[in-house]
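Every chain is named by a letter (A, B, C and D) in the order it is written, and numbering of its residues begins at 1.
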Amino acid sequence: MVYSLDFVVRDYECDLQGIVNNANYQHYYEHTRHQFLLENNISFAKLHEENIDFVVARATMSFKRPLKSGDKFVSELSFVQEGIKYIFYQKIYSLPDRKLCNSAQFDCVCLCNGKLSTCDLLTDFVKKFSEK
Amino acid sequence: MVYSLDFVVRDYECDLQGIVNNANYQHYYEHTRHQFLLENNISFAKLHEENIDFVVARATMSFKRPLKSGDKFVSELSFVQEGIKYIFYQKIYSLPDRKLCNSAQFDCVCLCNGKLSTCDLLTDFVKKFSEK
Amino acid sequence: MVYSLDFVVRDYECDLQGIVNNANYQHYYEHTRHQFLLENNISFAKLHEENIDFVVARATMSFKRPLKSGDKFVSELSFVQEGIKYIFYQKIYSLPDRKLCNSAQFDCVCLCNGKLSTCDLLTDFVKKFSEK
Amino acid sequence: MVYSLDFVVRDYECDLQGIVNNANYQHYYEHTRHQFLLENNISFAKLHEENIDFVVARATMSFKRPLKSGDKFVSELSFVQEGIKYIFYQKIYSLPDRKLCNSAQFDCVCLCNGKLSTCDLLTDFVKKFSEK
């Protein structure tokens, strides 16, 4: 695990079942990835302005335990590079009991001027951080 | 009323109270304005690409009756121009009983290259449609 | 394919990259499943009131082509039951060109009074509809 | 001002104009109200389970300066009770420069078992906190 970010559930994220709506986990995971990059001086928004779009190619999520109104949780991340893919392994644990709520894998790729390619900025960054 | 658009409530728009979350009414109203413009050949996205940003300056919404899972409704719109402001009067009625669920006013303005100004495209359009 | 539902992209569903944000595909897919059930007299909201919660256990999505402002698309669905799992195969195609934009699998389960179990209502329904 | 809560903009909250979509301000304001109540032992979710629904009757928002990707901001709140209405005055300032981005008023009411009424729990609470 190379990065973690704390959250609290916001009531508007819960649906009529009284639990966090599934799509919001994708939001939590995206925000975690982007904050991780931002704290390492890589801005998703600035990349876009430079015609480098960092996009998700494939997502897998396992919903283990639902989060509810008032819950606190931590979102954890590790990642590796495999060719042109940047693979993020992400997990969400409730706090303070650290029970696994959700685990996910996001395969991301870079589009530079609309073309699939590696991105030096990200490759250098990944080299620094990847867990072997 | 110069435009109307039919909707059904989507379950993910409901919150833990089992009713449509307040913020989604802003989504419904925005989508209605944008579809109205689009059907008159004005694309919010294309305007943005031409550095013309059509933005809300002020919003007022009255929540009369909550919409729930499974509800159908119609979103209606009329508007006038007052100087640099484009004022949209919008209402949402449940279907088929046409009970008033929400009424709203959105004061919009144009930013051309970041500067507040009238926009010929919109002014011509408003002239054509405004209800006196 | 046993069910399809037409959509238009709503501008608020697009993010700063100018394309539909990933999490919204989960919304599209959920709305498609729920409308499909609703048109067969199974209400996700009513199930919840009867303490039957139909939840996603696992989701896999492949992002092939991004949807953009103004795009129309169709969301298609088929499904099978495997033990206690209800597996939905879902695809999104842009319209009118029917290019594949997203394909997904959602493994759903039923919680009756909080306990994992099959649900007669759904099992009967699946029997009727499943594609062999 | 009786309560304040710090936020960072999440990229998925920005729309194709590259700024926070209007509806998300309602989310920020709602989360601020609910966290304020929660830190004073009033849970929006628990109120709902006891058939007390705290709802917005009217909302007014002025959009002064847009928030963007990477921005930090503080959401501030004060409130008064007027008869059956609980009126929240809320403001959002960018950080660290404290420029006013959005100001709003939310008139809330209580539905006890579906009937409009004052709620002892909230009235006692308001008495303690209201700014004169």
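In the analysis below, contacts are C-beta pairs under 8 Å (C-beta built on N, C-alpha and C of every residue); 3 or more make two chains touch, one makes a residue touch a chain.
Remember, it's a predicted structure, so these values are computed and weren't measured experimentally.
A.B. asks: Going by the touch criterion at the top, tell me which pair is linked by more C-beta contacts: A-C or A-D.
C.D. replies: Answer by contact count: A-C.
A.B. asks: Determine the centre-to-centre distance between subunit A and subunit D, using the mean Cα coordinates as centres, and give it in whole Å.
C.D. replies: Inter-chain centre distance comes to 28 Å.
A.B. asks: How many angstrom lie between the centres of subunit A and subunit C, each centre taken as the mean Cα position?
C.D. replies: 22
A.B. asks: What are the residue numbers in subunit C that touch two or more other chains?
C.D. replies: 11-12, 14, 16, 18, 23, 27, 30, 44-45, 69
A.B. asks: Looking at which chains touch which, would you call it a line, ring, star, complete or other?
C.D. replies: Contact map by chain: complete.
A.B. asks: Which residues of subunit B touch subunit A in their complex?
C.D. replies: Residues 11-12, 14-16, 18, 21, 23, 69 of subunit B touch subunit A in their complex.
A.B. asks: Touching residues of subunit B toward subunit D in the complex: what are they?
C.D. replies: 16-17, 22-24, 26-27, 30, 44-45, 48, 53, 55-63, 66
A.B. asks: Report the residues of subunit C in contact with subunit B in the complex, numbered from low to high.
C.D. replies: 8, 10-12, 14, 18, 27, 30-31, 34-35, 38, 43-45, 68-70
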